């Protein structure tokens, strides 16, 4: 696929935009449709496109196995950690209003944004992992 | 002013819809895979471009019409590429193009 | 250099999409742009010469109206052929020599060919373009080389 | 009668879809096709659930100054979770299918059962040999 | 109205076609057409977030994963190669039994819908308990314009935590199932 | 206006899905699904205008950006027999 000039050039052009769009979807989850899950899936599709064009070894150079394995769990930990932070500031688990980030509205808003980041990290990492594991044929 | 804008956008949308329908007819009617790709690659791309331009005219100039413009640009980049990818897939797999019989063609 | 340029382009794209200027949004915009350009700045810009690239983009924009006109012509042609009861087509596959030097030029030519009358790019490599045409006269029209000349003019005389 | 049909025909179409997926799951022997059937079934259920949140004249549940009635957002939220879970189950199912193909060299459930039976008989024969 | 009916009809047609193909690659392709139309249906039902999810999942991930599955197993249904498979009769005993089971289940479900509120009925019970409170309170209590996000992350935060955990578990299971052990 | 346009596009998609089901070759099917995908983009934008809620454009944008990934995956599968 690397030798196909059109697909390579167009993918090079589109991949950064797909990635930015994924992050845009995450940031605007509170204003319109979208959120962490959708953003994560779109981000994963950009990596899928990269792997399809450049092959799986190049893809692993860009997103190494260690990083995705660690990020798998870090996303869930961000989510849970925000819940624990709410406990520490005297609220219930995941009661964002108690976070010391301004009044109730702002604190909830930021709390929601935080957990969306957690969801996005987990989903993107898991989807990339799944794709790599399934696409790799190896010598078996 | 608004009426003129609505009429222009109506004309654009109607033309776009017509092209999209023609593309659909072409996809059904043409005899082989390579020729079917022509309506899919051209009629569809321009048809969508026209419909979305019609929406842009209807909307006037603001951020939403900029978003529509971005969609149009991405379609104009991605659609020919997808068409090319398909054509190449068929060509590499050795699909023979349909040729008109010598008797009736030139 | 490519890092900064990518970040700027990404930031413009974000602003066009979003149109909101809250503190949180701008902060996340900046972080996202930096992150994206960290991940893939070599993909969008790479080692291209920025000044030359700008000149070429400018020339490409001048080329666009002609391309649009060709696309309109191609669609009129397509409508005629599709709705004609006898369907006057005589498909062929042919190839011509690739005289372009830059990859962007090849891609621009290939996608322009796909969008214009009755021809589709099947394959491109360093040596030649393989084209499928829906009718012989259209193939001859392409072989006259109007489009190649224009794309070559976009590439210009400068080094790659 | 006509009122009944107009009020409920959506539900019946969803049930048709659901049953198409169900049929694919129980009648087709191919494991990939079973996954596809599962996908169709899931989306049909999700569609059914979301359509219960529709209100005549309602608009999408994003706050908007011109809106009079909003659709019920609760089904959307629940089904968003369901879609995410369905992606997870699909991924795991595909992984299991790949694994099965590696072990048995086929993805037809009847052939897999035959191979299992043969293997069981072989191991029983071996055990008898050892005992004898 | 007409659009909705045609779209639903499409869904049924593409679903039937998808499960009737012998070529699994065609099945996957038709499934992606099904998911495209499904996204439109969901926008028609005003479920914007759900449509967004379907768009991103159906266009990108699911199709690619299924193609990956085919690339690591086989492309044709049945055991033989392209020509060799057994001609599956439409009414062998197994599929006849399954068809009866499906019919009975479908009939029971249709009977169940007769007691349901009509499609789009504003007096349906599901619109009357917590829904109005969520719709009124979401902006005040969470500062988020999109109610679905507010519900998902604020009122139903535990659900979403569970959902994230499910995705995490799915990733872990796939690693356990498919990753080769490193050579010692 | 938008309603009529949307209905026309849906009917055009009906024609194309005939090709997707009948299509003698797998390539015809992929082509047809690709065409349906591009029609979906327009349809989503139009539905946004029918409901007067242009938020829906985000969904159309997603399709416009990532719709061709599946086609490239298909090309890769046909060319090399795998996705790696």
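Labels for the chains are A, B, C, D, E and F, by order of writing; each one numbers its residues from 1.
Here is the rule we use: contacts are C-beta pairs under 8 Å (C-beta built on N, C-alpha and C of every residue); 3 or more make two chains touch, one makes a residue touch a chain.
The model shown is predicted, which means the values in this text are computed figures rather than measured ones.
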item: Third chains touching both chain F and chain A; value: B, D, E
item: Number of hops, chain C to chain D, where each hop joins two touching chains; value: 2
item: Chain at the geometric heart of the assembly (C-alpha centres); value: F
item: Interface with more contacting C-beta pairs, comparing A-C to B-C; value: B-C
item: Centroid distance [mean C-alpha coordinates] between chain E and chain C, Å; value: 36
item: Separation of chain A from chain D, taking each centre as the mean of its C-alpha atoms, in whole Å; value: 26
item: Centroid spacing, where centroids are CA-atom means, of chain B and chain F in whole angstrom; value: 12
item: Approximate Å spacing (C-alpha centroids) for the pair chain D, chain E; value: 7
item: Two or more partner chains touched - positions in chain E; value: 46, 48-49, 51-53, 56-57, 59-61, 64-65, 68-72, 145-146, 148, 152, 160, 163, 167, 170-171, 174, 178
item: Touching two or more other chains - residues of chain F; value: 11, 13, 30, 32, 51, 53, 55-56, 58-59, 61-62, 65-67, 69, 72-75, 79, 82-83
item: Multi-partner residues of chain B (at least 2 other chains); value: 23, 25, 37, 45, 67, 70, 74, 77-78, 81, 83-85, 88
item: Chain-level touch network, classified as line, ring, star, complete or other; value: other
item: Pairwise chain contacts under the document criterion; value: A-B, A-C, A-D, A-E, A-F, B-C, B-F, D-E, D-F, E-F
item: List of chain C residues in touch with chain A within their complex; value: 6, 9-10, 13-14, 17-18, 20, 24-25, 28-29, 32-33, 35-37, 39-41, 43-44, 46, 103-104, 106-107, 110-111, 121, 124-125
item: Footprint of chain E on chain A - complex, ascending; value: 25, 29-35, 37-38, 41-42, 44-45, 48, 52, 69, 72-73, 75-76, 79-80, 83, 94, 96-97, 104-106, 108-109, 111-112, 115-116, 118-119, 122-123, 125-127, 129-131, 133-135, 137-138, 140
item: Interfacial residue positions of chain F with respect to chain A in the complex; value: 55-56, 58-59, 61-62, 65-66, 69, 72-73, 75-76, 79-80, 82-84
item: Complex interface listing, chain F residues touching chain D; value: 51-53, 55-56
item: Residues on chain A engaged by chain B in the complex (per definition of touch); value: 4, 6-7, 10, 13-14, 17
